[in-house]
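Each of the two complexes below includes chain A, the first together with chain B, the second together with chain C.
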Partner chain A sequence: MAITSIKNLKEFSTNNDRFEGAHTLCPGCAHSMIVRELMNCTDDNLVISSNTGCLEVSTAVYPFTSWDTSWIHIGFENAATSVTAAQVMHKVRKKKGNLKDNDAPVKFVAFGGDGSTYDIGFQWLSGAMERGHDFTYICLDNENYANTGGQRSSATPVGAHTSTAQAGTHSYGKKQKKKDIVSIMAAHGSPYVAQLAPNKWKSMAKGFQKALEVEGPCFINTVSPCCTEWKFDPKDTINLTDLATDSLMFPIYEIIDSHELNILYRPKNPISVEEYMAAQGRYKHLFKPQYRHIIEEVQKDVDAKWDLLQRREEARL
Partner chain B sequence: MAQELNLLATDNRGQSQLEAGMNLAGWDEVTQGTVLTSFEGDATGIANKKAEERTYSDFNSYTASVASWRVQKPVFNRDICIDCQNCWVWCPDSSILSRDKQMLGIDYDHCKGCEVCVEVCPTNPKSLLMFNEHADLEESLAAWPEKKKKEKK
Partner chain C sequence: MAVKFDLNEREVWDGNYAASQALRQADVDVVVAYPITPSTPIVENYGAYVGNGYINGEFVMVESEHAAMSGCIGASAAGGRVSTATSSQGFALMAEVLYQASGMRLPIVLNVVNRALASPLNVRGDHADMYLGRDSGWIQFGAFNAQEAYDLALCAFKVGENHSVRLPVMVHQDGFITSHTAQNVYPLTDEKAYEFVGDFVPVDDMLDFSRPVTYGAQTEEDWHYEHKAKQHKALMDSRKVIDEVFAEFKEITGREYNRVESYDMEDADVVIVGLGSTVETARVAAKNMREKGVKAGVVAIRCFRPFPYDEVRDVLQNAKAIAVTDRSSPGGAMGAFFNEVTAAMYTSESRPMVTGFVYGLGGRDFSIEEAERIFAEQQAHADAGHITTEIQQFSGLRGPKLGFFKTARG
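Here is the complex of A and B:
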């Protein structure tokens, strides 16, 4: 496959965008940073499918499309299904030799939000992973159902305020822990799964290229800070992603063949979860005396998860 | 409508709906699905064509503008820029015009004024700053701040 040079940003910037402007994502939305990076990682033909969500509705506002590649949208939960169906059709037609350009390399990619990935499209994703198609699934994890007004999903972390897990006199927001989607996907026997973040553009580009290159079903969870629902200034999207990766709320790592775990970013000066939370309106209630203990609980969880990741990296299992 | 289509009087309901549907091709009628083409003619090798070499179709959002979303706009100062391309990689609206490793300026049709590019610009003073949407380029450049001394922590 033809991967593009990601040696440094100057070389990377010689790529010609295939994700066009005048989509209607909010100013500062990280979804488009991630999508642009994926599409600039390769100059192969792409067949992309998106689940319903901010990305899908904002890039296909009739009569416009922001996609310079083949792009399919069917429903909320079935990007994995549609793109793997296209992949099978392509395989068969290639074998029969009846494609327009039979040798042109094509990559198949599905995008889903956390709502459609962790919850509503979960069994469709699981099915596509189990069937072993050659495709890459990328979750744009903004930890809520952003497109419908910020409901909680199973990706929402403990203590976050959402429209369906509200903070107030008797509630500190969401009570349940975030689902560990990366481990679940690794457990499907996937050759490549990872958690990546747009502030670390190079490890993200490398991970995308690996996923596109490796044969088989690959899964990547990307951190996608949502200024609208996390409640921060749009200009700070990358600053906030820095806080997310430096506080280890979002550790950056990959798992190859279900067991070979590599940590891809070790913060030199890790910051506290408190500092990360303080930068967002969705956690503001946790700074009241009666809910402060929640911050400590989340910190303990984050420490334990980081410890586990390091031990798994060492043990190779 | 129901009478017109004679929905209740036939066992070929699907057929008559389909036939009626053929005459209802207006923009406000529900259709089975929509295919939009991003380019006029052949799109082979599009990844290796720069925007100015492409034949975008009217359906491509590239031909639309979100300029009216802005209250403030980023202004680019070529004299300070080091072409690091931070602004290019993180602009969420594909609005940093980079060609041959050089930053050339901003695509004001697609920029929404989010200010991310200003935040990630590493030069001192910054090579991108926000100005009022109607500010004049010459005046903006004339008002550019001096190099900031490092604050002692």
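Here is the complex of A and C:
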């Protein structure tokens, strides 16, 4: 059963607390906010899986665990597979009537970082989506392999400096565009996909609830600013997320049944990509004269993507 | 209720079909699988049982063998009986997750239809995949024919799920030679088979929310070592349970299994030690050699992991010359099986002569004549009182004779 009242953030944040505060995520990491919100938005039992990554290594270091619910981690790539197979086992055992509590509703959720979602676990995720299991996959997208020191992933945006796409005298950082994972997941025929952000906590909670309630494979890409690798002050995580959503670098939207696109947040006063980039150390080289044109190129891309989203929303496709 | 499956007292099954019938009778809850020759029919058959109501489980076809074993882990942690099958490249792709399954102490049963590893690509049987699994922390049983593929699959569930064991189990059979050869198989009735295997009783059930569990935690230098040592101890301790399960199986079927099988070993001077279907070839050769006055015997490993060092030593200590046969490319060393047997024999008083034979790679036929030649060579070592050839030889290989390593013992 979903929590119906999410008007009050303070009340919501203490509801049904199944994610313990004692973890080793960096101060200012958005991962824990997103995970807590998922776990607080439902009263149903949860089976959660995690791919290898920041969340996993920070929440289950023996003999401790932050998970006050069933949780499994196998490898870097297979959280979608493990949790959907658990869901199949649940179906069989429910039919046979040998569950501890046969009638209690259970939800199945997988978490992965962008490295495990966009790159190494892409095949496992795609397979689980295609099979149509009733589960929700949530990507904690911090646009790099933060757990291993900040290497580029296919979620890293153009122009960002990473340890394997270095900015220097002959390079402006990552050359390739970010993979459009939301469209790819929608193209699987998913009943619900969305891109959400922790600063817009109410729309995020509602999106999570929709994904949990809808039967079938749902996918949500969440923006998770990484103070360590994006280089900003840990106290500014939500401020930085505001810049991400207001610059439309991260538009907030959902796609229902692969065609009904709804924009969930329209900034009243959109800011420039430049302003968003200026707040982060990973883009500082772009402010040198020889690389300034990259900021303009990214702005053009962001404008075009926003235009496309609005047109898709209007056309319902 | 599942639809009743009619069985005759004697069926004609190949190894794959025999294994799939064991899965049906054990009432496996979930099979997560990806097809690969020659093991494919095992999971296809399970899917057909589900599709026709012969079993109340679920069949999940995933997009790779890595996902197949990943799914088996998730399903097993969710507290039910889980099995799958694979071969060769599929087994290699699973390798990462095999270690996770055993480390999490999940009693998954994996039917491995042995096949060579590429390159060059080859779909026929050798033991390269079986060897790849030898450090993965799984129990490994070897079936030499279709009846054994069936019997050992039933035993595998009972051993692995025993709460003092809690380890995954592989049941190996040879690709095509066993998996695709129809033979007489005497199945148990469904009732008897299920009674033998028993209900699945979960430990650390992810679907018991009154007691949340964390699977797959991280341990570094502070705890990893203790976990792995404990896992090794569980494997070593499983020997007792395996013996008990084999004894119980004999009681209800009359069919006897031992972790080490021995044939004509009472007075044997020369011995072939083998794995898989090769054992049956060697047994015929031993009988032929005995007619020629050579005291030949055969020792076969039923339980490759945990390796039965004590039993191997005890059964071989009175032999004079022993040939250990490796059906896997040794890759710059002695064969792995040769090394195991030799290590066991080094702890004996008698320390008999041991040589190694690589043979049958990529499904190259291992003939009775070839086995007889190996026996004759062992007799020559025994008569001379020392090893008269290189210690490692290649049997049945075309072209110039290939051999490596010489003994320093006179």
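What we mean here is this: the second predicted complex is superposed on the first by the 309 of 317 C-alpha atoms of A that agree within 3 Å, B and C clash if a C-alpha of one lies under 4 Å from a C-alpha of the other, contacts with A are read in each partner's own complex, and residues count from 1 in each chain.
Everything below uses one rule, namely that a residue touches a chain if its C-beta (ideal position, glycine included) is under 8 Å from a C-beta of that chain, and two chains touch if they have at least 3 such contacts.
It should be emphasised that the depicted structure is a prediction, and the values quoted were computed from it without experimental measurement.
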A:67 in the overlay: touching chain B, chain C, both, or neither? Say first, second, both or neither. both
Looking at A:301 after the superposition, I want to know if it touches chain B, chain C, both of them or none. Which is it: first, second, both, neither? neither
Considering only the touch criterion stated at the top, classify A:96 as touching first (chain B), second (chain C), both, or neither. second
For A:106, select first, second, both or neither according to whether it touches chain B, chain C, the two together, or no partner. second
Looking at the overlay, what does A:198 touch: chain B (first), chain C (second), both, or neither? first
Of the two partner chains, chain B (first) and chain C (second), which one does A:36 touch, if any: first, second, both, or neither? first
Classify the contacts of A:28 with the two partner chains as first (chain B alone), second (chain C alone), both, or neither. first
Where chain B and chain C land on the same part of chain A: residues 45, 60-63, 65, 67-69, 101
Any idea which chain A residues touch chain C in the complex? 45, 47, 49, 56-57, 60-63, 65, 67-75, 77-78, 81-86, 88-93, 95-96, 99-101, 104, 106, 123-124, 126-127, 130-131
Across the complex, what residues on chain B touch chain A? 34, 36, 38-39, 43-44, 46-51, 58-66, 69, 83-86, 88-95, 98, 100-101, 107, 109-116, 118-120
Contact set on chain A toward chain B in their complex: 9-25, 27-33, 36-37, 42-45, 59-69, 101, 198, 201, 234-239
For the complex, which residues does chain C have touching chain A? 29-30, 32, 56-58, 60-64, 66-67, 70-80, 82, 96-97, 100, 205-210, 212-220, 223, 227
